[in-house]
Every structure is written in structure tokens, then in C-alpha cells.
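Heads up, the thing below is written out as C-alpha cells.
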Amino acid sequence: EVKVGLITTLSGGGAGLGIDTRDGFMLAVEEAGRDDLDVVVEDDQQKPDVAVQIADRMIQSDKVDLLTGIVWSNLAMAVVPAATAQGLFYLSTNAAPAQLAGKGCNPNYFSVSYQNDNLHEAAGAYATGADFKKTFILAPNYPAGKDSLNGFKRFFKGELAGEVYTKLGQTDYAAEIAQIRASGADSVFFFLPGGMGISFLKQYADSGVELPLVGPAFSFDQNILQAVGDAALGVKNTSSWNKDLENESNAHFVEAYLAKYDRLPSLYSAQGYDTALLLLSALEKADIADKDAFRAALEEADFSSVRGEFKFSPSHHPIQDIYVREVVKEGDILTNKIVGTAIEDRGHAYEDECKM
Amino acid sequence: MTEPVLQTRGLVKSFGALRASDGITLDLRPGEIHAVIGPNGAGKSTLIKQLSGNIAPDEGTVHFLGRDVTALSTMARARMGLARTFQVSALAMEDTVLQNAVLGALGAMSSPYRFFRPALKRAELRGRATAALERMGLAGHAATVVSELSHGQRRQLEVAVALTLQPRAFLMDEPMAGLGGEGSKQLTGILDRLRAEAPILLIEHDMDAVFALADRISVLVYGRIIATGTVEEIRRSPEVRDAYLGDAS
Amino acid sequence: MSLLELHEITASYGASQALFGVSLEIAEGEVLALMGRNGMGKSTTVRCLCGMMAAGGVRRFAGQDIGRLPSHRVARLGVGLVPEGRRCFRDLTVTENLIAAARPGHWDQVKVEVLFPRLAERRGQVAGTLSGGEQQMLAIGRALMTNPRLLVLDEATEGLAPLVRQEIWDALGVLKRDSGLSILVVDKALAELAQVADRAVILERGRSVWDGVFAEVKGEVAERYLGV
Amino acid sequence: MTPILIAEQVLNGLQSGVMLFLMAAGLTLIFGVMGLINLAHGSLYMVGAFAAAATAVATGSFLLALVAALAAAAAAGALVERLVIRRLYDRDHLDQVLATFALILIFSEGTRWIFGSFPLYLDIPQALSGPVTLPGGIQYPLYRLFLIGMGLVVAALLFWLIACTRLGIRIRAGENDREMIAALGVDIARLYTLVFALGAALAGLAGALVGAIQSVQVGMGEPVLILAFVVIVIGGIGSIEGALVGALLVGLTDTLGGIFLPQLLALFMEPAAATQTGAALASMAIYVLMAAVLVWRPTGLFGARA
Amino acid sequence: MSREGLLNAAVLLALGLVPLAAHVMGEPFTITLATRAAILALAAVGLNIALGIGGLVSLGHATFFGIGGYAMGILASHVQDYEPLFEWPFLFEGSTSMPLIWLLAVLASALAALLIGLLALRTSGVYFIMITLAFGQMFYFFSISWSRYGGEDGLSIYVRNGFPGLNTLDPIQFFGLCYAVLCLVLLGARLLARSPFGLALGAARQSPDRVQAVGLDPKRLQLVGFVVSGAITGLAGALFADLNRFVSPTMFSWQTSGEIMVFIILGGVGRLFGPVVGAGVFVMLEHWLGDMSEFWHIWLGLLLLAVVLFARGGLVGLLAGRGRAHD
């Protein structure tokens, strides 16, 4: 009997991401049909203290062996260090902040998704490749936003036309768009997850500024694209996964997900699914009670990822390709299609800081 | 002649174009009841508010116990011993009658920053408070919450709280208002005895009470004092009759 | 037929009962004085009559049962209230106070201002800054503007200068004579009440204990129930 | 930094102020005039936006979507008033806070239950999309000009309603003393339902109008709610002019602060630090503004009462 | 003993016994829940002094809760990272000792309450609600962008701080500590409510004119009340951070302020045990309803509504009768 605790956001404004994560994860679990695998799902309400409390409960009362599912970095920072310190395994389906990749890395912590900077780095690499000379960059003023702009700059060779931090949760971007217009930029990179991205894209499309946009997948993912509408058409974005990636596992996943939930999977669904696959593969090889053996089994990453090639770096973060996608319309539905590869076999920038 | 306890010189207060006080000079001497009467809106309450420090005069001075208190706050004047009652009752409505009285005692002893021993268990506070309530005939209602008192009973409590302060002078804004015939009679008796403890500046429209109590009367009309004198002088003054009394004299 | 009829009214504030059986009647064009010491239930009776609180017993106005009506419906039947403590709308100007609830009829702003010239002077001032007596005039004017059939005055002359008070009593007298308005007054001034009141009802501890012609409120009756 | 850019930013500030006003107007009506703290006002904004989005998808008409937003929010408002709010007028602000906090929970999760967890689509109508060129060469989105116009019209209507009509007088009288105005023969209960529905409708309209250029999602109301409270408090509660001036002040501070603070700091700090510190300060700017206004004038710019 | 007194004793006893029982039965999570309830109750007891007695409706008490939390986070993180907090005028490496952390948390939040109170008390009524909210938001946005201490990600402390003679990592011992603090503060709050200060503060809420007329300064009374109140909530913040071993800007958010206020109203404003009952019930509801349905917020909302509409005086009022004790 193996008990897994899945803590994710199921209520409130950010619920969509958590629901996709859970649905992806559970799909793989159900497909495996193991009746000795028990998954406890809880809603963290996107509040750190609630997440901590749930984690405590899962550890203390439910006696789970492994935790997973947190979407947001700040919640992950609240839960993961304490959980791994108590000897539990944590598999990240999304949030992978720099602290946990570098100085704060832990043998029991695995990020199945990426390291937070990856998609931004890929956007930088893409911008360089697309020969952008002067890019205007913007992100919200919080740690992930700063990491984002730093990640972009790490791989961008051109010049910056401007660098702006917006307010977290801002919904009106008229002022920033005016700045972009006046800056003489030839392109724009932005990281504005969730509702912020929707607002920005709609307003940008209506402003008459026609510079090419690039951003990480978060503002273009399947779960919000419909809300953005045609304003997103043609925009390039970077992602570690897309539904048209050509591999057998992915084809199966997309079809099964659509069949089961009657909607297209998002990046979060895919990461949830992959995380479950990784877990299942390790369970096949080792008993979770034997921590060292189980850890070794996880490190092997012997599963067929929906992202194709997949392996872990020494700090337990993926080494994978990051793609460039373009927003297209398939019938009535907005979705992405892969148009290239931004970086190949990317690990992450904090590898050297991790001593384990 | 004895030094006045409370004295104003040339008080002026305007609200926009309206001169609510227009050079008021008057005093309150030890042991007396000085009544201020005048038509509605003449500026009586405005005068009291300037004396008590609730509003600052535009011009003029207020002296209390020989000291210029024009710039002092309400609290400071109250601590010096100036007690007032309000025209519209200002009481802690959710507290009991006793608690309201204790509050007065607390103010008089200016000792509010005590955090531990219960206020009602302090003999000195409670003693003062009960004495005042008894005097106003409210002792039987000590445990009643103020919001459950009738209008007249609240008026009585107003006076009781002022009594707990054991002040050097009283400012009373229509204490009789709302009291029934019997209540007025009682209060008249109480004020009559009270003047020996501290002089009273009394604003009142109840002429029976005023004529029964006042040592001196000042008549305020449109912010000016048009006459000051004894009961008889005022009663006889035709000006006052026209401006204020009508047939009531 | 009587305009207003209260029969055996009982009422409570939460757990404490204030009225234990108040009965009174007012005929068309009659002025009734409601009297009693402090705290005997006069204002509570007024509140019951205006539909401002729930009560037991029978309440009828102009032949209609008003026991279940909300207060605004009672008012519209023709009850105009000048409440205890004035209760002017403090953030409204004098004019706004007057017209807020006005209903068409004999009384309009001009007539009220003739009655109380003071109010005309202070038209644009917000009620909260009026002097006590001015507020009292405003409260009376406001009730008149609803053109009631029964005017209810609860301590309406409290805080007024003798001259003004006299004017108000005179005005009440005129009202009674000319417009046949019925009036219920709660007031302590016996001498002045005598000018207008036809009958009196005296309350003691929430019960109506005396009912009769006003002229008889004197001597022993006054001594016993009013303490004067 | 060219004069044109500065002019454009000022226009942006005004425009975001007017958008805020649309929301604040309904709030100040309910909060100021009826004396009710309605935390659920943001939920009515959300209801408007969702109703508009659903209608736009079903009918394809923006106009119908606006009508639907007005109707849905007004209906929700009237319903809530009759069932809940009505019992709260004579309570203190605390009970109102708790009850309307509870309403937020119900509205938010209820909306999520009906419409799912993902943001909805609502876009600017064809006729109003795209930029126009203003005198001076400023390129400005037509839709935003339309919003400015709408805001000003609403402001004028409300001002007239409250200051000049007997309805307004009665509503304000009711705020001072509900029992008394009823005792004088005014059916204050029905009046309040009406006002509440009107305030709700304004919030719904704001939600729909703003939803077209922002994201329509659960929880969209709360940030705006806080801003709207800031606005009406700066302006003075219950004052429509105050809400308008407050909204413009907040809009300008927010927009211009975000742009100019980092540049100001860059004069004496290194650029990276300046952008970050500037952004941090900018995010606090409106609250600093509000605190400053209240310390200076404890009842807001146009507030009369203590 | 009055009905309310009996109820209070029962509540206190239950809050103490349930975790003990859970300890015996090996249900550590129940202990964690009880600890959470006790700490949140403490925060609300703090607010209840300003709000229940003084009538100061502060929608910014998260400020003090957060300051307490960050006092813990900052002190402990410096020890954790081996970077001294400051080296001048003396070397201070931070601290992982609860008593010291508490002391600093209380001082820092009292200082903040003093400054905020000085400005905020110029206003009153609804304006006061909003200005306290504004200060809360300032701290919130500041903490989000203050990257030195984690910004929005917050600060994780890996090991719970120590208290002399206790193993704080043991849930029941940590609970005992929090429970003891809560009891002490409740005792203090009870004394305060009946003390001359409490009486004067209560009167300052009901009739500031009267308080002035007897020679007391209502604003100063309110300021002192606000500072005491903020300090207690700050202490609760430090404990809360230790419970989670984590602090983040959410502690400063207006929702946190709102929730602290909800505890009080739910339990009963101005009632000594209102905050305790409110926080306890809220934590239980959150826990039980969360298991029932994905849309459990709807049920929570309906329950809260029912309490406001039908249980005036909160749950304590419902159980112990409407009238407040006057002795």
C-alpha cells in the first residue's frame, strides 16, 4: 500500500491550474490500475498556511509516503523544505523555484516539470534566434517575475528597449503599452501569468502596437487561450510540451484526456500526467519504504514522458528540450502548434550551487 | 467682592455669516446660580461649548479659577474642575447607570490607565458614583443599562455624572428639559443645594425653575447679552419680555 | 366615531415589558393630552400607535385595523409624528428635511415658514448644526408637511423658548379650531396644555389609570399621578 | 520621455480613473448613501462580467451583453437585498462586513460552479475596436474613449439623482434615521431595494465594460473592490463628486507612479535596483495617497460628516 | 457562575482536552488543528480589545499579525543562513529562541500600532476601517517585493524555534505552549475589560463627548487600546509563523485581516471568549467542509450568513444569551 498526497489549488481564482494538474495525474493513476496506490487529494485554496496545514495533516494523519501537486512557488516554498526535511519525497508537477534547485536542493525533491527559469530562458534564446535587436521586457514585481526577466536576459543577446516590473495582479496595462510604443523596441517579451496575461494580450491587440510578442507558455496555455480570444493568434510562446509533440505516449495521453474530461489537456495536465508516470515507474522498481532504492529508481526516470526524451540532472531537475509554439486556430478552438525548438537539452542555471 | 470662578471677555464666534457669539462678557461667581436665557438659536449652547472647550472662540478669552484657559482642551478644563451636562444626552448607552457614574469618578480622579483591578471593585470610585446616583434618585436603577432608561431618566443621569466629578463649577445645558413636573421640582431642589458646593452656569427654558433658582440672569439674543440682573429686574425688563418671555413672566 | 382607538395595548422592549394595558381614544378634531411621570410609557405608547413597534391589543385608525401595518402605511393613513428627541435628518438641509416626506395638502413649505420664520432664515443649513430649539421647530414643520389627520407630538415643546412655546400652543389652538386636526400631545406643561387639550389620559407603570376631561387634571389627581 | 508620451500617460491615468469610477459609483451609493459596507460589491461586478460573457457568446451582440450584465447584476442585487441586506441596515458595520464577506464566498464559488474554473471570453465589439489618432498624434484605443464617455455620463446621472431628486433626499434621510423616515410615511424598504439594485447594476455594467479588455474570471471583483473602496474613501463617502475626483486621483497616481517612480529613482540608483524599488513603491502609492488624504482630511476630500 | 461563564470554562476545557485525547490516540493532526485554532484565537483576542471594547474596527490587523510573523522569520532565517542580522553596535546573529522572538515581535508590532494608530485615529468610523486597510496593504505590497526576505515566496524556516525546557517539535508540547499563552492573554483581557481602562475605553466608543467632558482623552485611550491590541496580534503572528515554520506576505493580506475579524463576529463581538469560539469553529468548519465538496466555500458562506442573521451576539450570544455581562 502506497499513499500519495496531492495538494493543489481546487477553489478560488487559480483553481483551473490545480484541476488540470489533478486530472492529468489521476488519469495516469487510473490507467495504471494499481489498487495498492491511494491518492489523497486536498485543496490548498492558494494559501500558503493552508497548504502547510494540509501537508502536516497528510504527513501526520494520513501517513503519506510522498507529496506532489503544488502549482505555486510560494506554496511550494512553504511546504517542500519542511516535508523533505521529514524524509518525505516531493515530486513537483509545476512550481520549481530557484532556491530548491540551487542551495536548497534536497535528495528527496524532484522537479518533474522544469526549473522555473527554463521557459523564460527559452524565450530569450528564441528572441536571439529570431534576430530581435531591441526587446522590451516586462513581468510582475515578485520573485518569479524577477527570475523570469533574469532568465530571459541570460539567453538574450540583443539590447533591452526597456525593463518594467508591473504590480502583481495588475489588470490594466495601458501605461506599459504606451511605454512600449514609445520605446522604439522591435519586440516584446512578457511574463504575466493567469488573468494578468489575458488582460495584457487583449489590450495589446487593441492598442495598434504591432510588435512581435513572445512569452512563456503560461499566458497561452490551453486553459486560458479561449478567454484571450483572437488577440493571441500568431503569438510565439515557449513550452516544454505541446499536444502535437510526436511521440506515442503523448498521442495516447491527449486522446485519453480528451475522452475522459471532454477538454484538451494543458501544460499542467501534461506535467501532472508525467509526474504520475514517473511515480509509477519507480514503484515498479522499488519499495517506497526503502528510501534509497526508491530514490535511485526515481533518478532513473524510466518512463515514457509525454515530452519525449526525459532525464534528471544531478539536482533532480529535468534535462529536456524547450519548444517554440505558435497560437493557431483549429476550427473554433484556439490552440498551439510547435514551430521549432528554442533550446535543446536544457538543464538549469543553479546546478553548481546544489551540493548533494 | 470675591474673585469670579469663571469669566469670559469679548467672546466672538462666527459660523459663516452668522455671529453666534458676538462679544460675550460674563462671569460666574462662587456660590451663585447664573442663568443664561434667550431665544432658540441665540447662541447659548455655543457659549457653553466655548466655555467647556469643545469649540474655540474666534476672539476673546475664557478664564477659569484665575487662569487663562482659552487655549486648553476640553479634557484639561474638565480636569481643572469644570463639569458640563449636554443638551442632548451624551452617555455610554450600552453601559449601566453605575458604570456611567463610575466613569465620571474615574475622570475626576484622572486614573484611567489602570489595567488590572476591576473598576467597580474600587471603593473610592464606586463610593463617589453611588453617592451621586442617590442624590439624583437613580440609585434603584444602578444596574440598568442606559439604553433602557426613559428619556427623563437619562436627563437625570446626565446631571448625576456631572456630580461625580465634584467640580469647581458646573455648566448645565437645559438639565430640566424632558423632566416631568415632579422631576423638575426635584432637580430644582438639588441645584438649589448644589450651588453651595460649586457655582452653576445654567441654561434653561423652564422659567419656573430659572426664576426659582437664579441669583442672576443674563439674557442672550442674537449672540449678544442684552441684559444682566436679578430675577426681578429681568422680569420687569420690557426688552426681555419682547425678545423672549412673552407672557411667561 | 373616534379617529384613533387603542385598546389594552401591551408592549415590550426585548424581555422587559413596558406597557401593560393602555387604552385611549381620540375623536375627530379632539386634542388629547397623554400624561404621566418619567418612564411611565408615554413614548412607548406613541411608538405603538405609529406602528414603530409590535404590540398586543387593538389599534384602529379611521376605522381601519392598523395593528399589522408597517409604520409607513400608518403614516400614510394620516398620522404625523413629532418624535421625542427631535430626530431631524442631520445631514439634510432644512428644506430637504421638510420636503423629504411631504404629502400634498393644506400645509406646504410656505405655511410652515410663516409659522416658524426661524426656519426660513436657516433654509440651507444642515439640520445637525441647528440649535436645539430650531431642530424642534423643524421636527414639527416636517410632520405638518405630511398633512396628517392626527398630529402626534411627543415632548414637542421641550427646549423651546417661552415665547416660541407660546406660539406653538397658539398654533395648535388655531389648527384645532380651523382645520379640525386631531392632536395627541405628550407634554409636561399643565398650564399650557390647558389652553388646547380637551381630554387627558394618564399613564402609570404602563397602564392607563385615568381618563377624563382635561379640566379635571388638577388637585388630587395631579398630585397623585404627576407629582405636582 | 516625450511630451506626447507624458500626455498619453496622463490620458491613461484619467481613463483608468474613469473605469474605477464606474465601480466606485455604485459602491458609494450603497456604502455612503445607505450606510452599508458591501464587500460583495465586487461579486456583483463579477456577475455582470460573467452574464455579459455568456450572453456575448450566445448571441454575438455586445449591446445585448451589456443589457444582460445590467439585468443580471440588478436582479442579483435586488435578491440579495431582500434576503440578506435588508436585515443589516440597523446593525453595525461589523455584521455587514461578515455577512457580505459570506456573500463573496457564495457568489464566487457559485459562479465557479456554474461557469467552471477557467476564464471566459468577452471581447470588444468590432465597431469600437482598434486605435484612433487624437489631436497631437496620440494613438489611443477607441474603446477606452468610449469608457471615459460612459463614466462621465453615469457620473452626471447619479449626481442629478442624488442631489436633485426627492428620491435622493429620501435615501439620504433614510441613512440618518431609517425608522423616522418610515414613520413619516416613506416606504424606505422598497426604496432601498431599488437603490441597492441600481448600485448593483452599475457594478455589473462596470464588470461587463471592463471585462471586455480584462479577464473575466472568478475572483476578478476583489482587487477592484479594494481599489473602489480606496476611491470613495479618498473622495469622501457618499459623495458622487468625491468618488469621481477620488477615482481620477487614484487612476493618475497608479498609472503615473508605475511609470515615473522607477525613472525618478534611476536618477540616483543603479537601473536594476531602481526599476524594482520603483515598482515596489508604485504598488504602495495609492495606499500612501489614501493614508495621506485621510490624515490631512479625516473624512475624505468631499466628506462632510465626522 | 453565569451561563456565559460556564460556557467559557467549557470552551477552554475542550480546547485543552481535545488535543490531549488526540495525543493519546495518536492523532497528531488534530493537535495541529487545535494549535492553529488557539493561535488564531489569540490573534482575534488581540483585535477584540480594539474592536470589541474600543469600537475600533480595524481591517488592518493583518499588519501586526504579519509583523509578528516576519519578526520570527527574519530572526530565524539569519541564524539558519549564518548571516548575522547586524554587526554593529554589537554582533546579533538573529535568534531561534521563542521568548526573544516573542519579545521582539510584541515590541515591533506595538511600535507599528503606535505609529499607525497615531495617524489612523485622526479618522473614525468607516474611514478608520479603510485607513487601517490601507496600512495593511502597504505592508502587503512591500513584503511582496522585498526580495531580501523572499518576497512573495516567503521565508521557510526548517526547524521550529526553541523554548527552554520544551521540545517544540513535538506537536503536543507546542500546543501546550500556545494554549498557555492564550490562557494568560485571556486572563489579561478579562482583567482589562473590567478595569478602569476598559471602562473608559468602552465609554470612548459609545460617547467620546462624554469621556472628554469628564476629563479623559478618548483618542489617547483608543491609542493605548490599539497598541495593546496590535501587540497581542503580533505575538499571535510570531506563533503562527512558528506553527507553519513559514512566513509569507499572505499574513499581511486583507483577507487575513478579514478572517481575524470574522472569528470575532462569528464568536461574538466584545465577548471575552467570542474570538476563541469563533476561531475554533472556523478552523473546524474549514477542515470538515473542505472534505465534503469542491465547492465547500458556498456552505461556509451560508453558515456564516446564518450566524449573522439569526445569532445576534455571535455564537456565544446564541448560547449564553444576548445581554453582555455587567458587573
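To keep things simple, chains are lettered A, B, C, D and E as they appear, and every chain counts its residues starting from 1.
Definition applied: contacts are C-beta pairs under 8 Å (C-beta built on N, C-alpha and C of every residue); 3 or more make two chains touch, one makes a residue touch a chain.
Just so it is clear, the structure is predicted and the values come from calculations on it, not from any experiment.
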Common touching chains of subunit E and subunit A: D
Chain-contact steps, minimal, separating subunit C from subunit A: 2
Shared interface partners, meaning chains that touch subunit A and subunit D: E
Furthest chain, CA centroid comparison against subunit C: A
Between the pairs B-E and C-D, the one where more C-beta pairs touch: B-E
Centre-to-centre distance between subunit C and subunit B (centres being mean Cα positions), rounded to whole Å: 29
Where subunit D and subunit E are represented by their mean Cα positions, the distance between them in whole Å: 31
Subunit A and subunit B, separation of their C-alpha mean positions in angstrom: 74
Between subunit B and subunit D, centroid-to-centroid distance (C-alpha), Å: 48
Shared interface positions of subunit D, touching two or more other chains: 108-109, 112, 276, 279-280, 283
For subunit C, residues that touch 2 or more chains besides their own: none
Touching two or more other chains - residues of subunit A: 11-12, 141, 146, 165, 167-168
Pairs of chains in contact (touch as defined earlier), listed by label: A-D, A-E, B-C, B-E, C-D, D-E
Subunit D contact footprint on subunit A (complex, rising order): 11-13, 15-16, 19, 141, 146, 163-169, 171-172, 174-176, 178-179, 181-182, 194-196, 198-199, 202-203, 206-208, 223-224, 226-231
Subunit E partner contacts - residues on subunit A that touch it in the complex: 10-12, 42-43, 47-50, 52-53, 56-57, 60-61, 73-74, 77-78, 81-82, 85, 97, 99, 141-144, 146, 165, 167-168
Subunit B contact footprint on subunit E (complex, rising order): 188, 191-192, 194-200, 202-203, 206-207, 209-217, 221, 224, 323-324, 326-327
Parts of subunit E lying in touch with subunit A, wherever the complex brings them together: 27-30, 32-33, 36, 141, 144-145, 147, 150-154, 156, 158-159, 171, 240, 244-246, 248, 250-251, 286, 290, 294-297
In the complex with subunit A, residue positions of subunit D that touch it: 1-2, 4-5, 8-9, 12-13, 15-16, 19, 108-109, 112, 117-121, 123-124, 129-131, 139, 141, 143-144, 210, 212-220, 223-224, 255-256, 258-259, 262, 271-272, 275-276, 278-280, 282-283
